[in-house]
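Listed after this line are the structures, all set down as structure tokens.
Look at the two complexes coming up: chain A is in both, with chain B in one and chain C in the other.
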Partner chain A sequence: MNQNIFTKTKGKVVIDNISISYSSRNEQIYALKDISATINPGEFVCILGPSGCGKSSLLNGIAGFVNPSNGKIALDNKVINKPSPEMGMVFQQYSLYPWKTVKENISFGPSINKKGNESPEEIAVKFLDMIGLSKYANHYPNELSGGMQQRVGIARALANYPDVLLMDEPFGALDSQTRIIMQENLLKIWREFKITVVFVTHDIDEAVFLADRILLMSTLPGKIKRDLKIDLPRPRDKETTDSKRFIELRQICHSLIREESIKAFEKQNQ
Partner chain B sequence: MTPTNVSSKSNFYFKSYRKERLMLWELIRINSKTYTRKLISIILFFLLWEFLCWIDFNFIINFVFVPTPVEVINAFIQFINDSPWVHFKASILRVIGGFISGSILGIFVGLLIGSSKILEDFLATPLELLRPIPAVAWIPLAILMFPDAESGMYYITFVGAFYPILISTQKAVENSLSDRLMIRVGQSLGANSFQLFKDIIVPSSLPGISAGLVIGMGNAWFCLVTAEIIAGRFGIGYKTWESYVISEYPPIVMGMVLIGLMGAFSSFVVLKITDSFMPWRTISKDGI
Partner chain C sequence: MKNNQLKNKRNIKRFIPPFMRKKTFAYSMLTVNILFITWVVVTETGLADELFLPGPLKIWQSFIEVSTEGYQGNTLFVHVFTSVNRILAAFIMACIVGIPMGVLMGASKIARALLNPLIEFYRPLPPLGLYTLLVMWLGIGEESKLALLFLAALPGLIIATIQAVQNIDPVYLRVAKGLGASKKTILFNVYLPAAGPTILAGMRISLGFTYTVLVAAEIVAASAGIGWMIWDAAKFLLSDVVIMGLIVLGLTGIGLDIFMRFIGRILMPWTRYLGP
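And then the complex of A and B:
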């Protein structure tokens, strides 16, 4: 794909001291407070934290769905204040349009953006081939299994050739076998496209297996507690998960997360 | 119950994905038990009716003047032999005219007030005030306002079809707009407001609009009969009323049955047509 040469230098996300707050019953609640981070072009970053820590809020902020109450987020020096096709988003399950066929779901983005000289049709065919679902081009999403639907979701987000791929617990609803296969496939796609990936998850194994860097979040208000570099060799496969270093890194995450989970649990009970 | 359920369940095992299209005779064979039961129920209904007439049943409800099924069938045969097409044509044209104009305007206005607060503020209140007015109440004004009785009748049929279509379109659009995920997906793919409306809001509102169209078609028939009774010279509703005026009872029941049949048939047609716009749906009622 000829765009890859360029995307290596594009896709830098700078999160500059942002807070995101919601007002609920006349009370200002901070989902995130004073977060700063830089995500480099082509980097695979996982945002890991217990549920309710604001990791989805952070992703929605990067995607431009939510505007931070202060601070700013920028993609390649351009401030993000609304969703844009430069950032592809993969949602949790069931986000495909049920009234569009698999192929139409994928070609929807290219058909409204129209960049490059490939037709939306050609792009859809190419991405269907990449995710191995060419046979299901004319099927509707409800005729597909959860794993297949999510592959289409990824293809749909990539079909716009975004600089950044944002993923919000995309494999959370899948069974563990499918999940592992999906993770391996995602790494292959990431290697091929060399795009920046920001991946939100609460699954420690998933984060350690996938990431170059894990941003570990603390709860209420959400902050980045630890910026952890994952120095496992690539390409990663099944053997990676058996290595000593993997288990060590997992252990570190585990103890940090556990602290946070207990804290969150106690706060909710107050 | 139908074999389509089986195939939708097998999605789980990644096997056959296409809904199987069954031949008509296969469907009949599979559903033959149901059809037999339905046939028996209709025969029993007619037998009961015949019986009540035969014994001149008269307790609270009086069957003395009610024509028997056989008399109704005879009236129908006579009606068919006696140039029925003027009546059929008049009624069907009025229903189709009222229904189509009601659908176009109902869907159009429904989409507007469903998606825009400003337009809702401007349009919804007067429409809501006019809505509860029954078709009969419109007749005098329709006669005064329109150049001839015919266009007045079209108008009354239109009113009947318009409101259910309007309300269900509006509610369906509002419901689609409440689905934040679907809209976010579109925004993240780069869709602007118009593209969101055309590719997301409208298709996801189709099931609701379809329900409105089916109800609207039924209402068009109710209102047509009302209109024809007062102002018509031809038409099935007119024929029914005329028979009452000249004390000829069997054609009254015949007219009622015909209106029922045509109303049910046209609603069925509307349902089938709208379903063909939504091929993505797999409905399995007994597999909940």
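And then the complex of A and C:
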């Protein structure tokens, strides 16, 4: 794809000492505290942690939906303070517009941000082909299965040719078979686009299978507890998950997460 | 070829309101039939005084008579046409004013706070009470009638639209904002379609409410209109004309409701696929 040439150098996310707090019942609650990390162009980073640890908050901060109370986040040296089309977001589920057909959902972004000389229509056709759903171009999302809907969600996010793809537990609601196929497909797309991916999940297997690096988060307030490099060879497939190294890495994550879950559970019960 | 025909048939079937396709429709027809038979029995056996409850045949005769010879100088068609015209004119005006107002009030707290007192104040007032004031302000002509119908239609529309906008899943707005969509794009691509089905439900309830004030609106200085015909016939104890008028009025209401749902299904084709 012709996008490769310039996206390789773009899509660097620098998170510089940020905190995100919410006010709830007249109290400031820190969902995240003093987080720093650098995500390199083209890298596949998973943010892993038990639910409630602030993964979504961090992702929404990167997306520009939430502004950090301290610190700043920058994309390619530009401080992020509002959402921008340089970043594509894939939400958990049911975020496609039910009133637009599959094709209209995908072409909606390009029709707002005209880039290059492809028409929004052409872009939609191309991405429908990529996700293998050309036959469903004129269907409404409610006529599609959950897995198909999420493929459309990914196509919609990519249709703007973003530099960074942000994903918030995108496969969380899918059955495990579909989920594995979606993961393999996602890796293929990622290779093709050479795009930076920040992928939020609470599923250890998913994180280890997908990531170059896992940012393991701790709870209350959320911090990055471990920055774990995943040195599994690529391309990854079924055999990857049977390898000794995969099982080792999974073990490491398991014990770290377990500590956190217990800590979170005890804190909530105090 | 045959396949195509089959497809066409299915396409046409989609536009038949879903309630008519359901088994429950048969049960509804059962209730209607039982009511009708009870009516026949009660009137034929003389259980009911014909002065107050004439039989179906009498009503039918009155229908034919008013249709051909008219009531007080106007045929039934003119009465119905006049009233439906008034209702639709007022209702459409109310939609033009109420739906944008509702969207604004649903999307902005400040707009809601500013505009809420306007509708909340007059909403519980009885239509006849309101009408006397409208007559004083606007005279006894067409304006006061339309104004009363308009005011009856408005609050339901606004309240339904506010609710519709407030219930929009925030993720829909996030998607559009994430793409850098303008306010106008968001209005037409998110707010209106997302709120559409609830707004339509509000429109249907609101139209029904507009019907309930029709008689009140046509009491004074009208010489045509089905509401006026009913009111006038009641003065002369012409119960057959009253009942016939009510039935015809009810049928136009049902007709308009089916028409609105039909339009809704065309404007919002995706609603056919909502839910399992």
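Throughout what follows, the second predicted complex is superposed on the first by the 270 of 270 C-alpha atoms of A that agree within 3 Å, B and C clash if a C-alpha of one lies under 4 Å from a C-alpha of the other, contacts with A are read in each partner's own complex, and residues count from 1 in each chain.
In this section, a contact is a pair of C-beta atoms (placed from the backbone, for glycine too) under 8 Å apart; a residue touches a chain by one contact, two chains touch by 3 or more.
Just so it is clear, the structure is predicted and the values come from calculations on it, not from any experiment.
Upon superposition of the two complexes on chain A, a steric clash is found between chain B and chain C. When both complexes are overlaid on chain A, the residue A:Ala63 reaches chain B and chain C alike.
Shared-chain residue A:Glu143: touches chain B and chain C both. Touch criterion not met for A:Thr241: it reaches neither chain B nor chain C. In the overlay built on the shared chain, the residue A:Ser21 is in contact with neither chain B nor chain C. Of the two partner chains, neither chain B nor chain C is touched by A:Asn185.
Contact comparison for chain A: of chain B and chain C, B touches the greater number of residues. Comparing which residues of chain A touch chain B with which touch chain C, the overlap comprises 63, 65, 83-85, 87-89, 91, 94-95, 97-100, 108-109, 112-113, 140, 142-143, 156, 160. Within the complex, the chain C residues that touch chain A are 169, 171-172, 174-182, 185, 189-190, 193-194, 196, 268-270, 273-275. Those residues of chain A that touch chain B in the shared complex are 63, 65, 82-85, 87-89, 91, 94-95, 97-100, 108-109, 112-113, 136, 139-145, 148, 156-157, 160. Taken in their complex, chain B has these residues touching chain A: 8, 11-12, 14, 17-18, 181-182, 184-185, 187-192, 195, 199-200, 203-204, 206, 278-282. Contacts from chain A toward chain C in the complex involve residues 63-65, 83-85, 87-89, 91, 94-95, 97-100, 108-109, 112-113, 140, 142-143, 156, 160.
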